[in-house]
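Can you keep this structure in mind? I'll have questions shortly.
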Amino acid sequence: MLEEVGNMMLLTGRTLVSAVRPPYPYGSEFVGQFLFAMRLCWFPLLVSTIAFGYEAPGLQAANFLVLFGALDRLGGFFVLASIREFAPFVDAIVLAGVAGTAITADLGARKIREELDALEVLGVDPIKNLVVPRFLALMLLTGLFDIYALIFGVFGGILATVVNHAPLGPFFATFFNNAETTDLWGSVVKTTLFGAIIAIVCCYKGMTASGGAEGVGRAVNQAVVIAFLGIFAFNYAFTQTLLATHPDITTIIK
Amino acid sequence: MRDDAHSQRGDVKRTDGKAVSRVSVVDESPPRPGPPEGAADEEYRWHSYAVHPSGRPDAVRFVDTYKSFGRSHVLRGLNMALPEGMVSMILGPSGTGKSVCIKHMVGLLYPDSGDVLVHGRSVPDMPDDELFEMRKKFGLLFQDGALFGSMNLFDNVAFPLRQHTEKGDDEIEEIVMRRLNEVGLGDSRTRMPNELSGGMRKRAGFARALVLEPDILLFDEPDSGLDPVRTALLGELILEIHREMIEEAKRKQREHLPTFCVVTHDIMSARRVADYINVLWKGRIVEAGPAEEMLGSENPFIRQFLSGESQGPLTMD
Amino acid sequence: MEDLILTPRGWIEAFGEIVRFAARMLREVASLRVMRFFGEALRQAGILIVSSTLVIWGLVFIIGLECGIEGAYFTYGEGTPAYSGVFAAWCDLRELVPLVFGYMMAAKVGTGIVAELGSMRISDEIDALEVMGISGMRFLCATRLLAALMVLPFVYLCSIAAGFFASYLAVVQQIGYVSSGGFFLIFWQFQNPPDLLYSLIKAMAMAIVIVIVGCYYGYNASGGPVGVGTATAKSMVLNLVSVHLIGMLGTQLFWGANPRAPIGG
């Protein structure tokens, strides 16, 4: 287990070095992977974010705020909950579960078909040509999809407001009163790092898939478990630090 | 062992008389069937459909069986029989649907049209419970043994006994060890399947197929992935066990004599092991009959295939 | 690579097949025919406990901590730090613990089943079972579902405990705006047994769907080890979407019209 974490760190380092050091032959693969992951994820993410936004920060938070007669603050709560926590969270889970597993399955297939060995024999560096483009594509895509998840998460919140027969005006008023660009930037940076975690874990597991009937399936299984744990642990550390240093950002302005 | 049965040939067997050799006693020869839809006459010009009788009842019979997967037509009007109490062989070039035949016999696949009969009972018409009951008549040796990865060798071989019989642990142990010793794996009883070599996995699968004393034992490419010496040894093992099972069946006066069927494209094992040979190509039988007659066949396709030459009707495509 | 992408048409087709598959599986369990292999079901239950519970609890624990600190800072910012127990009671029990349980079930158990059954399918082990006169559906799929039904309610209740404990740690021990007694007063006020039951129903619905989807993709895998990998990845997509949809429907059904809170306007 520790050895695996160490190997993943090593892979991260080699990927970063390989990404900045010329030559840069991975442009087309980067675009291909980006589009591939986007086609995979847009629909599951759409359903997931609306469902999640409507459910957790929508209905339940509305229930809570109705108790205090402060449903108009739901918009403000959405800034707090959706931008800072839920959108990045759902974004990362879906990207890991959908794009991450696809990357592991794809690289695992190449590994057991001995394509990776063939590449090395041909003098092509698999890290530069396979891992780096996936790493960059997934980072960029997870960051962009954060905004996408945010928009549709807020759509879920709007649904919840409508279901509670409340006017939408105050929702948007408190939403924009509380929304700061720093929040958005923080959220995007966080998800970009989520993307990096997903890409490294999934590439590593794919490239080390063992042969045999169970090999690739088992690799996908382990990749998604490790990616989830990594995302959760990183998210916890991030939130902990952020809130401990800036406890005031949780206040909702009327 | 071939001479003690009476001639009970079914009426489905066809011959056109062209390639009939000395022992053939055929009352009437049905007309030669046309090629299946969408196929040129040309494709089937080597198919004489001649069937030299074996003089035995059929354990398994295919009647005008068609089967396609999407756009690939695998069985295209197959008529084939496996005579009871013999080691039959289904021979054919790669990709002609030999393994598909096996799956039809045990009801893992159903024909698109036509019928598959096992001891006279139609497999596709059986309800599920009866099908599971019928399958207990079969033993099937899969290409790679298909041992359960989560159990050791002993448990793998004991599995059918534990599931299907009320035998006690001692009796099961005795039967399993006898079978494992027969296939030469008595010392490896506690090893896991992934620790075994390919040949050992096959032999273990053989032992597992034997424990329920099946009437019909099917071998799916037993020679794939084995070197020629191991293939020869496995062939000998098959013959030896077949002999023992015949004797046992006669002693116990069982209703059916044990039938073995080997699916392969390896000519060497065919020459060594087979009593009866079906040659399959393009989803139909080219010719079928007892081994020595087939090996002396005049049909150019059969001659080419059985001698493994590059010159002849069979080409790369 | 292209076969990893599910088109809308593929979704609908797969959905119909999975419903049929699920009906067969549920029939095997409901008719108790699966009881013939009760020993195998117990074995699967054991495997489930040994290999999956810790990682599920771990993930729930992290989300409990997270819920706790967010809740504590949020209620502090609102000027009502005494109410941070509400977050533990609502956010944990009603929403996040079921969801996170679903995520980890899908990731660990769901894909695990696909990988295992898929490898059995492609190495002919399922055919071997069938030839021995044993229904693969019953022996492999129905026993797994039965094992899940036997074990997971307890695993889930323990997950809730882990989440609550983590929230308590974060709110009371770490941040400390509220005393232990004050936390528990609110914590117990804002939940009652039906909430627990609803939460359990939500989680079990997710678990059942995940096991069925896992069995479907594993049992019908084809195309060698590569096909098993593809099937494993695909099952994850469907499971994530189902988990979110079940969570939403459950919340709407159980708490949508009635917040079940001890105070109210």
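In order of appearance the chains are A, B and C, and numbering begins at 1 in each one.
Everything below uses one rule, namely that contacts are C-beta pairs under 8 Å (C-beta built on N, C-alpha and C of every residue); 3 or more make two chains touch, one makes a residue touch a chain.
All values reported here derive from a predicted model rather than from experimental measurement.
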Top chain pair, ranked by number of contacting C-beta pairs: A-C
Chain at the geometric heart of the assembly (C-alpha centres): C
Centroid comparison with chain C (C-alpha atoms), farthest chain: B
Inter-centroid spacing, chain C versus chain B (mean Cα positions, whole Å): 46
Geometric centre distance via CA averages, chain C-chain A, whole Å: 20
Computed distance of Cα centres, chain B from chain A, in Å: 54
Residues within chain B bordering two or more other chains: 149
For chain A, residues that touch 2 or more chains besides their own: 212, 214
In chain C, residues with contacts to at least two other chains: 119-120, 123
Chain C residues within the chain B interface of the complex: 119-120, 123-125, 127-128, 130-135
Contact set on chain A toward chain C in their complex: 36, 39-40, 43-44, 47-48, 51-52, 54-56, 59-60, 63-64, 66-67, 69, 80, 85, 90, 93-94, 97-98, 101-102, 104-106, 108-109, 112-113, 163, 209, 211-221, 224-225, 228-229, 232-233, 235-236, 239-240, 243, 247-248, 250-252
For the chain C and chain A complex, residues of the former touching the latter: 1, 4-5, 8, 55, 58-59, 62-63, 65-66, 69-70, 73-74, 76-78, 86, 90-91, 94-96, 99, 103-104, 106-108, 111-112, 114-116, 118-120, 122-123, 224-226, 228-233, 236-237, 239-241, 244-245, 247-248, 251-252, 255-256, 259, 261, 263-265
Chain C contact footprint on chain B (complex, rising order): 103, 106, 108, 128, 132-133, 135-136, 138-140, 142-144, 146-149, 159-160, 163-164, 205, 208, 212
